[in-house]
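Two complexes come next, and they have one chain in common, chain A, joined by chain B in the first and chain C in the second.
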Partner chain A sequence: MSTVLWIIFYPIIAFAIGVILLGYGRKFNARVQRRYGPPIQQVFYDILKLMSKRTNISHGWMHDTALVMLLGGTLLTLYFIPVPGFDFFSGYGDFLVVMYILLIPSLGMALGVGETANPNGSIGISRALQMLAGYDIPFALTFIGMAILAGTTNFSEIIALQQAEGIFGWGLMTNPFLGVAALIALHGMMGEKPFEVMVAPHEIATGPMTEMGGKYLGMMMIQHALNVVIELTIYINLFLGGAANWASYLVKLFVLMTLILSVNALFGRFRVDDAVRFMWKVPLVLAVIGVLIIIL
Partner chain B sequence: MLTEPVALMLLLSVAGVVLNIILYRLQSLQMIVSFLVFAAMLALNLQLYGTIGETLVLPVVVFGQAMSFAVSPLAFYFTLMITSITLLTVIFSLESLRGKACTQAYYLWLFLKTFGMLGVVFAADLLTFFLLWELMTWGTFFLMQQTGGESFSPAKKYVVYAVSSSMLLFLGIALIHAWTGSFSFREVAAAFPHMPEGMMLLVVLLMTVGFAVESAMFPLHAWLPESYASTFTSLTSYLSGISTRMGIYGLILLLFGFVGHELADRFQLIGVINLRYIVSIFGALTIIIPTFTALFQHDAKRLVTWHGIGQGGYMILGIFSANALGIAGGIFHIFNYMTYVTLILFSIAAVEYRTGTSNLNKLGGLIKRQPVAFLGLLFGIIGLAGIPPMNGFVSKWFIYKALITEGYPFLAISAIIGTLGTILSVYKLIHNIFLGQLQPEYNEIKEVPFLMQLPIWVLMLAVFATGVFPGPILSLIAEIQSSFGLAPVPYTMTGVDPAAGTLDMLVITTVFIGGLLLAWIVFLLGHKRRHVSQYQNYAAGHFLDESIPYNFNYNFYTGFEHIFNPMKKKVIARTEVAVSSLVEAAGDYLRRIYTGNLATYAMYIMAALVVTSLFLKELI
Partner chain C sequence: MSEKLTQRKAWDIVLDKLTKRSLWMLHYCTGCGAIELPPTMTSRYDMERFGISAMVTPRQADILLITGYLSVKTLQRVILTYEQMQAPKYVIGFGSCTINGGMYWNSYATIKSLDQYLPVELYIAGCMPRPEAIISSFTELIDRIGRGEANSWQDYYDNYDFYKKNQEHVFGEINTYVDIKDDKVKFGI
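Our next item is the complex of A and B:
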């Protein structure tokens, strides 16, 4: 029974957390720049406004399907990542599955943006995919290292192993090289500065979002909110010992988000080839060292 | 003992060759006859399942060996792929090649090639295997140059590779015969472990390299892209779908039929590095290098043929992983690869049929004109990239999981790097053909005729269905593994046994469909959408119309070019210079053999005769 309730209400909870995290991000940025900033629930207002717009421009059926694929794929990923009290689906698909269902939303969006026939959008997707190859290689390697260390690819088992030994059993503690490499890769995955090459409003007119408006942009924002929760939770589950209860889960989410926002506030934007080069140099080398420590 | 379906299938493919010669120039009759014969062969193939384990011995004796055929589970698995994909290719060609010039011999060579491939997989002795292997490579050679003209020179390159690889195979087979005194698979397998170690290593190396050429393993892959891409696209799909994978068949036979993992692991070099691991490293390189080469191709067919090389690496990684899941994944990947790569190339052929080009820089926006081809390509690329819920993901998951379980992190990461490179290049493929701005000259084109759509629909269903329900194919693979004395893969109808891993494709697909429905409801919550033309677009205040090319497809991944080009200049250019100077020096020495003096030549011939006769004495 509780599983059914979780399945129904978990997306709403995750959406609420995501909206608050994004609102917190805006506020944080504003305070760093000595502005007052919008209220923390502003992101929610924005989504409401966009979803109720009367003008919705469509460039064809793939453009529409893309949004459905984007949100549908994100919901799928959300269910397969365990959170405290809800890891029903992690018995049906391990981390390798999560790594590849994470690509469904990106593929959906890429196809839709392609159909809008705007070169800014296509350039944005081209950059996003190059970044994907940049951050996913070190990230996958850190995961492979953790899986070999734990002897399993199942999320719940990796979490249980970490929690058995308290704070010193966390992935970040047992293998700091992998933990740091994954943290940098996570930063690229979240597309925050200096890896914000995909959106780059001053260069390519917000890239993939160029031709998106009204409910299309609204759905993209909903997905973005969920995606923030997904990406942070993956890192928490792999390297911060998962979470035993919701209080520690929320604390870990906000601490990790603050860390990423502080780096974001400090940097400008890399050019895409520099961003990929950085990813293939620093985190990848750290991850290789981490894996060598494990297997040797 | 006579096994009827095997005899009939071989007979039918020979009959196909003969009928096509009789009906030369009568194109429509050729088409109907070929279709019927191939359909009959597929029907026979389905009956074959009941006869697994039976053998057929022909009254033809070569070198004291009667030609013998047997139906093993592996043979059944391969013939099922061969007959079904040939039938689909024929159905597709019925429409796509109708009325084209220089196709009189098209079906003839198709039958010859099919005969060769069926013979190779049914063969129960090394001599039959080798003879039909030769026939098969010649079939490939003739199929490659169907378009005539420019396709001849890449086909010649293939023949050089194929003949040299056959010579290596022949030498390996001769050595095996010299030691065991038999060609029969069963006797060879029994005698193999007792071979002296040095000889065994030589045989294994010779045959591995021979098969590696046919399966286009790095660094013996250079013949493939151009020769496959320069023929008809229906043949490109046929050749990349099944023909290249005959090399993998040979490797499976060699590794599991004769050598076995325990023996392969005996060739230790340093620590954990053994022969199996070295082949796996080449498998990993086969994944990474061709996949990233594909990224920079400007021709759709050539891009896909580069992936044909890359995907072979996954099969090698799986088969050589010495893990029940990995081996099953490697063998399963052969089937999956065949379904999605033919699907991709049929879709490209459908575009080429209407637009006359497969140049990625000249197309765009065709989704509005050819939605079926778009869907076909979409299903195909999701399979190729290995994203759930298509079948490519399942076999790749098996391989990743096996490599992680066995503790090979760097082989596993190279498999994942290959997947990422694949995603990049297939997005470029679908974007440059179907997305972006529609070119004005393609404004009037239509969807392809039904006969060309049919194979696309069938393959789309196959790619999706075997992704959600991999069980039926995995049960065949478990039988193959048992027949070689390996542990069978612990499969369920929708994934793997929970004791061996965490994968249930049906649950994943169901949740995905649920997510899509929910997302669709959210989409419907907003106000109605309004369709606009592609010229009503953001252009920084500028006005767009047909005369303005407003598209991004040339040099799609410029960032990567910035990264890779200096590397290319440094590494590849220098390697090229080094290799070419090495070849020149070697050629300079070899040149001295040809003295121009007749007496010397006569001496060479004498020497060759003496050596051959000595060797023959040993052999017979």
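Our next item is the complex of A and C:
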């Protein structure tokens, strides 16, 4: 019974957390720039406004379908990642499944933006795929390392193993190389500065979102809010010992988000080739060292 | 008009109260007034505290801020931009050049009154208006949206022939790739 309730309400809870995290991010940025900043629920207003637009331009049926793929793929991923109290689906799909379905939203976006035929959008998509090649290899490697260390690819078992030994059992403590490599890869995955090459408002006019208006953009923002929660939760589950209860889960989410936002506030933007080169130089080398330490 | 207002559903009233807190602005800055925008956005006046942030493409924007004079050529671009925006959309004329031509009154190359060509929601008087004036116009716009009175954009759909005639009078025929009359029927505006 509680599983059914979780399945129904978990996306709503995750959406609420994501909206608050994003609002917190905007407030944080504003404070760093010595501004007062928008209220913390600002992202909710934005989404509501976009969803209540009176006109919506569709560029064709792929443009419409892509949004469903985008949101559907994200919701699917959300279910496979265990959070405190809800790990029903993670028994049926391990990290490999998550790595695989994480690509569905990007694919959907690529198809949809392709149909809008906007050059800025196409550049944005090509940049997104280049970045994917940059951060996905170190991220997959860190996971392979953790799987060898734990002897399993199941999220729940990895979490249980880490929690058995308290804070010193956390992946970040048992193998700091992998932890740091995954943190940098996570930063690239979230597309925060200095890896903001995909959106880059001042260069390519928000890339994939250029032709998106009204409800289309609203759906993309909902997806973004869910995606933030997904990416942070993957890292928490692998390297910060998961979370035993919701209080510690929320604390870990906010601490990790603050860390990423602080880096985001300090840096400018890499060029896309520099970003990929950085990803293949620093986190990849760290991840290889981490895996070697475990094997040898 | 008042007929329409009394018939507004309760849901619309609630929605107006919430959505007025989020306005995205596209600034069309060929006039001199653009120099007043950076202080409005940054820490001195910080317009983001009202939920107003700058956007980069017309598809995402709600406010079209026209800073200063428009030549006949740039007017074409403004109209192309305006028609790509998604309704509800608000045009704000910024500076005396958009109101009556300002100091370019005698110029052969600029248009005089913006509201002949686009439905203007608000004008900000001054040459050039200070950031305080911009902020006060934004809060005025927010109040109007909250009361459900910011309906100037519907005028473009209702009186398209009037605007189209004026536009063609200055630069002849152009293809904007947006069928306003078709949209009016399709979206029930």
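Observations, loosely collected:
Simple rule for what comes next: the second predicted complex is superposed on the first by the 296 of 296 C-alpha atoms of A that agree within 3 Å, B and C clash if a C-alpha of one lies under 4 Å from a C-alpha of the other, contacts with A are read in each partner's own complex, and residues count from 1 in each chain.
Please note the rule applied: contacts are C-beta pairs under 8 Å (C-beta built on N, C-alpha and C of every residue); 3 or more make two chains touch, one makes a residue touch a chain.
These numbers were taken from a predicted model, which means no experiment stands behind them.
In the superposed model, A:60 lies in contact with chain B only, and not with chain C. In the superposition on chain A, contact of A:231 is made with neither chain B nor chain C.
In the superposed model, A:52 lies in contact with both chain B and chain C. Contact with both chain B and chain C is seen for A:214 once the two complexes are overlaid on the shared chain. Taking chain A as the reference chain, the count of touched residues is higher for B when chain B and chain C are set side by side.
With both structures placed on the common chain, the touch criterion links A:87 to neither chain B nor chain C.
Touch criterion met: A:35 reaches chain C, while chain B stays clear of it. Shared-chain residue A:201: touches chain C; no touch with chain B.
Residues 52-57, 120, 205, 210-211, 214 of chain A touch chain B in one complex and chain C in the other.
Interface of chain A with chain B (complex): residues 11, 51-62, 64, 67-76, 79-80, 89-94, 96-97, 99-101, 103-104, 107, 110-111, 114-120, 122-123, 125-127, 129-130, 132-133, 136-137, 140-141, 144-145, 147-148, 153-154, 205, 210-211, 214-215, 218-219, 222, 271-273, 276-277, 291, 294-295.
In the complex of the two chains, the chain B residues touching chain A come out as 365, 367-368, 371, 374, 378, 382, 385-388, 393, 397, 400-401, 404, 407, 409-410, 412-413, 416-417, 419-421, 423-424, 427, 430-431, 434-438, 495, 498, 501-504, 507-508, 511-512, 514-520, 522-523, 525-532, 534, 536-538, 540, 550-553, 556-560, 562-563. For chain C in complex with chain A, the touching residues are 15, 18-19, 21-24, 42-43, 46, 48-51, 53, 55-57, 59-60, 62, 84-88, 183, 187, 189. Partner chain C is touched in their complex by these residues of chain A: 26, 30, 33-39, 42, 45-46, 48-49, 52-57, 120, 201-202, 205-206, 209-214, 217.
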